[in-house]
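Here chain A shows up in two complexes: once beside chain B, once beside chain C.
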Partner chain A sequence: MSTRTTWAVQRVPEVSGGVRLLATALSAILALIVAGIVLRLCGLPPLALGARVLHASFGTRFGIEDLLLLASPLAACGLSVAVMLRVGLWNIGAEGQFFVGATGAAAVGLFLPVGGTGTTLALMALAAAAGGALWIALPAAARLVLGTSEIITTLLLNFVARLLVDFLATGSWRDARSSVTAQTPRIHAAFAKLPRDWHLGGLHWGIALVIALAAVVALLFRYTSWGFELRVCGANREAARYAGMPVGRRLAEAMLLGGALAGLGGMIELAGTVHRLQGGLSNSYGYVGIIVAVLAAAAPVGVLFSALLMAVVLNAGTVLQTQGLPASAAVALVGLILLFVAMGERLSHYRIAVIRPRATPAGTGSAAAASGAAE
Partner chain B sequence: MPILRRRSLLAAAAALSAMPRAVRAATPLAAVAEKDAVVAFGHIGPVSDGGWTFTHHQALLAAKKAFPAAKFLEVESIPVSADATRTFRQFVENGANIVFVTSEYGDLLSSVADDATDTAFLECNGHRQSDNESSYYIQHWMVSYVLGVAAGRMSKTGRLGFVGSFPVAAVYGCANAFLLGARSVAPHATMQVILINSWFDPQASSQAASALIQNGVDLLYTHLDDASCLQVAEKNNVKCATWNTDERRLGPNAYVSSLLLDWNGFCVDQIGRRLKGQWTGGPITLLPMGHGTDRDAWGATVPPEVGREADAVRARIMGGWNPFAGEIRDAAGTVRVTRGQSMTPMALYEWNWPVEGVSGLRG
Partner chain C sequence: MVIGPVGAPGTLAPRPLVAMRGITKSFYGTLANDGVDFDLRAGEIHALLGENGAGKSTLMNVLTGLYQPDAGEILIENHPRRLDNPAAAIEAGIGMVHQHFKLVQNFTVAENIHLGWEETPRRAGAAALEARTQALSERFGLPVTPGARVADIPVGEQQRVEILRVLARGARVLVLDEPTAVLTPSEVAALFTALRGFRADGNAVILISHKLGEVLEIADHVTVMRGGRSVAQCPAAGASRASLARLIIGDLPPSGRAVAAPLPDVEPVEPRADPDPLPARDVADPAASRRPSAPPGIAATAGAGPSVPHPAPTMVLREVSVRDARGVTLLDRVSIEIMPGELLGIAGVAGNGQRPLAEVMTGLLAPSEGELLLDGASMRGIGPRGFASRGVGHMPEDRLRTGLAATLPQGENALLREYHLPPSTRFGWLFDPAGARRLARGIINAAAVNRRDPSIPARNLSGGNQQRLVAERETRISHRLLVAAYPTRGLDVGAVAALHAAMHRLRARGVAVVLISEEIEELLDHADRIAVLCAGRISGILPVAEADPEKLGLLMSGQSLASGAPVSA
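Let's look at the complex of A and B:
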């Protein structure tokens, strides 16, 4: 068998950040080329459209502004997923925690007018964090006591959360003046805009809060024994237990923190951008957050950058639609790019090895062949 | 055959504009040459829905024909979320002079409009008015009343059903007017309402229609963007009246009629004013029956005498008669419109209580 030169795909134990970044960039470029070919086949000019997307995203101040506005809920959800990935758990429920967090914040904003905007915002943030944590408390308990997969439970609770929002927005919290969708009245406590004299819209301080959250989580991970224990619990639970770490407790803490972060994301979107509780508050931000966290390899600061990357891709979909691309085609293109990037990231963990025959007698087997593997 | 004729529309619009809210001396936005003009349409649903969004797409096509040198932008399926704000900003960034938003986006639109004061914004079913923002809608309650008259005659059980989107004024107005029309000929008729929390969700609307039919409803009415209720009605051998376009081919036996929409004349007129420097923001335009909305030709299974009776009511309304006159009670039995009183167009536009006989809508 091993007398001929053969190929093998091997997993690389440790991949440097540079290689991963390169793989991501290369696959994004490849995806863009494929997308360009598809656009050309549809009769649209790919280069002009690409230039348009770049101009709309980076060429104007409010393009950049829009990117950051879109990136902030994605980053909050990405952080939520990343914290749980640290202990080896999947939070598929950031979407639901986002909605429940926003619901908690809306309850405070609508019914507890305690005076100052600052106080109201602080209470809204507390309520949102509590709401998000509450929403993951049941999956956390089921995970720790019964061993139920958190992937299923967190996912299913997303639908319940969305129904809860619809129930309130169509029911007792409804704004009777709204004519197209069910939503609450406008919540007046809102993040202040950043000081500036731009022409349109503007960024709000909630974005700074998201960056601060990422920094705090990064510091906790890097400099505290708690952060170290989380990582050990994620890498090998048995080893962590053997080392005397309170594994169950750490898992629960990571889950509750994850829920609270997504909940805060909901509050930031509510008080920063949308100002009304309604079903469109999250446009699948919680699900995109999973991609954000995976692309960042669960690194908190990396989440900020991958959220920005996702915002560019999603924003490109919006720009392409104004240039005459149907909504479904824009969604397909966005999906294509994400697929390529995700595949590239995964593939960077592997290498193709050329296996040359050795001058040993046949029959020493594949172990010997593998040991002779070269790049 | 456009329902709308410009001159009668303008007269009607002028009459309606005069009515609500304080009058303000508005300055028109500056004129734009047709070759430099950018017109944008933002839709709530897909242009292929065969209904609401399709009719607005037709208006865009009509405008393209009327202003061949202008540039047109169109985005479909804009979610009612922060994404909408981004899309509207893109319109402004692309130099749009006039933007039609074919559904209400409220704050999500006005936050953009307030910062783009040279762009005219027209929001269908909206409320906001400013120097560069106005809104438009149709007096669908009048058409619903006419369809209701036919429904009252055609329903054997007297149990009518309505499949709606959200608990919003359009749903109250539609269900109420339809039942009031039916009760004008069948006083004991009732109306069950199911809301599906979406404007376009064929699966949910099919389920809602089936549930109503199982409850004994033998005539359905729906204002949703697609025709799935009609197909369910056809399958179950009951009748159905719809909105938007003529879709009788999807349920030839079930089809009663439809509330037709035609925005072509209105949109072309507004673009023309914007280009000429005559466009001003301000109060809503409510297009009356015959000028933007009307009933479709009656379905094949509608008895001719029923069609004639409903058409007589239609003629009366178009002659100026307001069928929404007291006494009208709400679902709890409280008199809301006293004898001798009539509901104004703005009261009908913002209807937020169910009339007696309607179930499934909150008071």
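Let's look at the complex of A and C:
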């Protein structure tokens, strides 16, 4: 028995949801502090910049509207990643599925001669979902038949999708009447704006569609035996097979659904905000969507909130750009947050136990008193 | 333990090359090695025998520096040595060849030999390495093709490469773990020739094997381990297969922990409990947990009782063979009939087809050939879900990898078999979380798991409680048959008793039970008939009244019984 107070790090097998949430929040704040220190070293005032970011995001009605417009494609991509995480697969290809979904929607919007906006929008959505699903069909087949890692295949197809969009936007689908050479003509079928008296006049119904998608996915997860099967397949495929679940089929379904959701995200961005197919349609939404899903622990409704958070971070990037920092600063910030949250998740399983010697003046006689310091 | 100089015939080496003294090693409170003494002399081939889990691998991992013993010491040529890691063991001249080779498949034989070896020349081309390999190959009498890729050479040659790797590093003690398991008979003969040559140079070999015939053929000395202890050391010359089988299974009174004297030849085995022919057991009595009499239908199976009306067998396997993707035969023309209310024991050394047999019986594996009938109906094309819905339960041998989704809450694990049925699911798709939770709570309570909160991840339960949960979940659906693979592995006495009682309750209700076990005693105590698996085949099926450890041991080592002992079909 030592006579000095010592301490030890102990692992705790179970962590409550509250502790985990606290760990996530603390980690994100720590990441911001580190980012602030870096800014300070660059000679910029971090607090003033932070205030400017907050003002730009929440200070005005336009700021809030912009934030929501930015959050909706992030949420769609985040949902796509979350659905695949449910079965334990990583969708690094939401970016590509987003582009191909937008391409499908643009094809309908540009070339299908139908009357009503509603019908056109519905067909655009279908085409987008089909496009996104098509884009992940090859990785899905490779995964199921050959066991090829979907992380690699989905990632690589992103570049193909981006090149496909550039090819169309600068080639056969190019807007001949415009001086801008890398975009298609305007697509006239568009989401209607939200009612004026909601005081969010800059927003369109596509945002409601994203929220509805999150709700549907949440209901599927919770209230169908299919959702239960996805969860078991994600936790232990061997056990799922043993329990008689069609494992391969469930993996394929989750992958196709994930692709379709990202594709729908592309359609919503196209028909709600951009209205033209172009290479700059996605501001890395598919990649940021991975972080959105991870921050939300793959919970569909949580995705909506983490998408908002990531929208603030992307806004911060815009503000930083006006201060002379490169646009990639925002991406670095995103990476920093992910790194810290991942570490926080791990560390939340540990606590520091203080071991006091027996002869304490208080005379409690207890050999060890533990103080839980969760981080 | 003391071995008299009577020891190895021929050699009279006064002190051992390697002496392990009082080696003790525990894992999570289980003693894997309990004060083990082990002596190895120069110029001998020493067989290390014992059932799986007897502590052989732990002892060898201590000797090769992978584990550090909690207590005890290792003397090499009478000098205490600390073997902190495998490199230290190799430096001390001890090399191990594992059962699963640790070669780089894409490298050539020569590259594998020279990988991570300090004597490898700094700047040497492929030709130089191959020439060095050729020289080593000739020196040790182990023919290999230096320039071939390891992935392209047969298994026997891969093993020679592995041995050469160890010998090239100056090993004087070679530890071989089940070296012949993957070899053809001619490759075995070549291996033995090489080992004898190695021995003739004054080196020593430790051979872990389950094949008693081989042990008697090549070994000079035998050490038998059981339950983490060394229970016998004797010269191979005086032993017989039967005597070794008995030592391994452990029918000797466990009074003397080390039997150092040369083994007396086989004594008549004392009858365990006389096979009292109980009157037909009261079906309503679930407490009959010891040695039940033969259930109805056994006589019919044995083909001896023509007057008894034949009850239809619950499951029939007819010439069932299973091959894996590479065409290796896992099960070889297995034919079994399992009667309603029968507890059929499956004995055998692990890895002889138990897993494929359990998987075939529960629909996880489809037979490559042959036919499987459940209640008279062919099960061709029916998967695990179909087997379960027809009343076949399965306690898999690896509960954490197969039986449970360890990271999910125990509540969801409890539902694994019934999540898609009412009250968890309505209309076949609508999951009802409240109903599911009620059912999960019911299963958890009935399983008597010590922590009742359904949201606890299954991995945070102890092994015994995990098994209770699996047992309850599977017995619930076992209306016709329960296949239980090593269900008592790692359980404490109370959990084992509860599990056996549950199996007997099923049996009393007319459910057939297949109990796969390595523990002969467990099978003799609980089974009605015992089938023995060896190399994917049924080497014999005995009614329990005719079975004893010796006969089972012989069958487990792949021999048929002598003419006196009847083998029922």
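By definition in this document, the second predicted complex is superposed on the first by the 300 of 375 C-alpha atoms of A that agree within 3 Å, B and C clash if a C-alpha of one lies under 4 Å from a C-alpha of the other, contacts with A are read in each partner's own complex, and residues count from 1 in each chain.
Convention: a residue touches a chain if its C-beta (ideal position, glycine included) is under 8 Å from a C-beta of that chain, and two chains touch if they have at least 3 such contacts.
Everything quoted here is computed from the prediction, not taken from an experiment.
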Touching partner for A:95 - first (chain B), second (chain C), both, neither: neither
Touched partner set for A:225, first chain B, second chain C, both or neither: second
First (chain B), second (chain C), both or neither touched by A:345: neither
First (chain B), second (chain C), both or neither touched by A:150: neither
Touched partner set for A:238, first chain B, second chain C, both or neither: second
Touched partner set for A:283, first chain B, second chain C, both or neither: first
Partner chain(s) touched by A:253 [first = chain B, second = chain C, both, neither]: neither
Residues of chain A touched, compared between chain B and chain C (which is higher): B
Residues of chain A at both interfaces, chain B in one complex, chain C in the other: none
Residues of chain A defined as touching chain B within the complex: 56, 60, 62-63, 66, 69-70, 166, 170-171, 174, 176-183, 186, 199-201, 269, 273-276, 278-283, 315, 318-319, 321-324, 326-328
Chain C partner contacts - residues on chain A that touch it in the complex: 13-14, 222-229, 231-232, 235-236, 238-245
Touching residues on chain C, where the partner in the complex is chain A: 363-364, 383-388, 394, 396, 401-408, 412, 415-417, 419-420, 424-425, 428-433, 456-457, 460
Residue numbers on chain B that touch chain A, as the complex places them: 40, 44, 46, 73-77, 79-83, 85-87, 89-94, 103-108, 111-112, 115-116, 125-127, 165-170, 195, 197, 199, 350, 352, 362
